[in-house]
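Common to both upcoming complexes is chain A, partnered first by chain B, then by chain C.
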Partner chain A sequence: MKEKYKSSKWQEVINWAQKRSLFMLHYCTGCGAIELPPTMTSRYDMSRFGIGPAATPRQADILLITGYLSTKTLKRVVYTYEQMQDPKFVMGFGSCTINGGMYWDSYNTIKQLDKYLPVDLYIAGCMPRPEAILEGFLDLKQKIEAGEAEGYKKYKEEYEYYKTNQEKVLGEVKRRQ
Partner chain B sequence: MILITILEFLLIAIFAMALGLLFMGIARKVVARTQKRIGPPFYQPYLDVLKLFGKDAITHGFIFDFGAIMAFGGMIATLFFVPIGGIYLYSMSGTLLLVIYLMAIAYLGMAMATVGSGNPLASVGISRALTQMLGYEMPFIVVLLTLIYSSGTSSIVGIMQAQQGGLMNWNLVNVPLGTVVAFIALLGLMGKKPFDAPIAPSEIASGPVVEHGGKYLGLIMLQHSVSIVVKTALFVNLFFGGASNILFFLLKMLIVWLLATLIGSVFPRFKVEEGVLFYWKWPLIGALIQAVIIIF
Partner chain C sequence: MRSENELITLINDKLNPLEVNILREQNMSVKLKKDELVSGLNYLKARGYSHLATISCVDWIEENEFELVYHLFSYEDKINISVKTRIDRDKSKFVTIKNLWAVAQYYERDIHDFFGIEFEGNDDMEELILENWNDIPPMRKDFKTRDYVNEKFEWRDYDGQK
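After this line comes the complex of A and B, so read on.
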């Protein structure tokens, strides 16, 4: 049933619109947040590609993790991610989200974002410049059109794996559902 | 016969939605150009709505659903009483007052959805919206009563027909101070920049629509697009003499909308109490002076 729905013409139309209209929620945890205002404003103007800021997780399509995540903020990020509506995508900024970066032996940051949330795209750099961010968004658009950006499905299928990893860091998290 | 009527209603609603989304796209482009950006393509809102209707959506209960539908339906109902070009469905007297009442229904629907969602930011937003409504309606109603007095009818079509016969008969020329006041009230009606405290994205995270995601946000976008059409069309009918030709009418609507957008793109935002105070001071004084001039 799901496969049939995925390959239908309607889904192709939705993917086509989705790729041209992306609302992003920048969860400003680390230093990457400072690279986003120039990307949004007149110098680099990301709204040319139909990418704009969203005010709340409910309205957003992309979750930007802009830099290192301390174990405290990871909890909020997981809540935020679970509030977003499908289809949703996660982008990791900088080396901190890939392997811990300069915080690789810190006692209160997580090292590999991939263990806790399904990341669709990483942007390397410390920090990535606005050009790199725009390039990353264009790559994400291609992935969406090809139907490869399916992190949110992976999160549902392998929920146990992600949950175990999250609880290893956070302790037992009480969810209300 | 009934089928044709239903078809007429449907066509007008769809036309208004498409037109409103086009206006929103143009506004985004214009704002981008004033900020020295290139901006999204003018058809961006269509893509946004298509995408939003393709997304999942989470409901917060029956009241939430009902509020969203009520906001949308209230705006569509208002649309049917506002003539667009030579096209109008009702021409009986009293439509002007009816439209003012019906416009509030959309806000009440939003308030209902807010209660359903239970988000505190949304309650702050909708209470700001309703407070601000108290502000701009006072001068606006005074101007409308002046218009009703001077044209001798309370039907929108009647007021439009009273202005026929060239530029010198327009209310823009006959009631100039009232036009300015009504335009300032229009900025508040449409939630444009100096008076956008209700949806302030940087303080209260887009206010009443905080909890609207996916399909609900799409519905709210469509409601907003219809509301743009209703309000600019009302303003054009009342002050710019309407038009019997749909193209001229759209041109006039576009001029009003662009003027509002340009003013909105350069002003910062009033706090809600400052906004209400402003409305009760200068626009109200202007409206009263205009009323006195017209009556005596």
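After this line comes the complex of A and C, so read on.
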């Protein structure tokens, strides 16, 4: 199935169109949210790359996790992610999502985001500046065009793996029937 | 408007405190016996200390005691008073003050979350901040954060180095 899509010309057209219209869900979890207003507004202006903010998960393509995630927030993020429609992309932002960052020994923040959600791209830094975020967006666009940003498919294929990890830190999760 | 020194005389006369201190300008602390705490707070509230900023808790593990700190403020005197009392760590139970300040209900729930102290008379003790917590309360000094993290989360593996 995957190979077939990759080889088809039609999928290439879809990918090309997808990367040109991306909407980012403005869901701010940690301190990284402070870098987003300058990225969105006139100083850095991410709309010149065809990326705009979206208000609700059902209309968004990109879920940007901005900074540390407490286990309590993770639950809401998982709900949010599962509400989004395909294709959807997760970007981990800041060192907290990569290895815990400065919260590496905190009892209530998760250490590796990719154990709980399929991360397509990480932006390292504490904090990454708006330039780095835009660089990340451009990389994501390239990945989408090349057909490599397939985290949402991975989430379906390895559903049990993600749910088991989520259950370990959350205590309870909702599974699809 | 009263000064700090006037308050010391007043508190020493009326409240039978264990200790009264001026910490710095506009900041005082009063230590009370645990049986006299509620009447003490009642007295201060009637004297203008009507704002309960928060309730905090300290775990004195070596003395086997919890210290509850009630932070009061008076808009007339412009002075903060921290009213402190100590309770036994093994029998971590105290009385609620939600009849004095309704907001105390939430502060007490918060302390119940993080220190496991029960407040008699406050029935709503559902988890406020934490969710599905299944270990000893995390702000107790005998809670081993590192062990908990090692058990619950995995460290990222950088080429075999942990």
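By our rule, the second predicted complex is superposed on the first by the 167 of 177 C-alpha atoms of A that agree within 3 Å, B and C clash if a C-alpha of one lies under 4 Å from a C-alpha of the other, contacts with A are read in each partner's own complex, and residues count from 1 in each chain.
The criterion applied here is as follows: a contact is a pair of C-beta atoms (placed from the backbone, for glycine too) under 8 Å apart; a residue touches a chain by one contact, two chains touch by 3 or more.
Keep in mind the model is a prediction, meaning the values are calculated, not measured.
Undergrad: Is A:110 contacted by the first partner chain B, the second partner chain C, both or neither?
TA: second
Undergrad: Who does A:50 touch here: chain B (first), chain C (second), both, or neither?
TA: Once the two structures are laid over each other on A, A:50 reaches chain B alone.
Undergrad: After superposition on the shared chain, which partner residues are touched by A:42: those of chain B (first), chain C (second), both, or neither?
TA: Touch status of A:42: first partner only.
Undergrad: First (chain B), second (chain C), both or neither: which does A:59 touch?
TA: It touches chain B, and chain C stays clear.
Undergrad: So in the superposed three-chain picture, is A:17 touching just chain B, just chain C, both, or none of them (first/second/both/neither)?
TA: The first partner, chain B, only.
Undergrad: On the A-aligned overlay, A:87 touches which partner chain: chain B = first, chain C = second, or both, or neither?
TA: first
Undergrad: Overlap of the chain B and chain C footprints on chain A, residue-wise?
TA: No residue of chain A touches both chain B and chain C.
Undergrad: Of all residues in chain C, which touch chain A in the complex?
TA: 129-132, 134, 138, 143, 145-146, 148-149, 152-156
Undergrad: What residues on chain A touch chain B, complex-wise?
TA: 13-14, 17-18, 20-21, 41-42, 45, 47-48, 50, 52-53, 55-59, 61, 84-87
Undergrad: Touching chain A in the complex: which residues of chain B?
TA: Interface residues on the chain B side: 28, 32, 35-41, 44, 47-48, 50-51, 54-58, 201, 205-206, 209-214, 217.
Undergrad: Could you list, by residue number, the parts of chain A that touch chain C in their complex?
TA: Counting only chain A, the residues touching chain C are 71-72, 75, 98-100, 104-108, 110-112, 115, 168-172.
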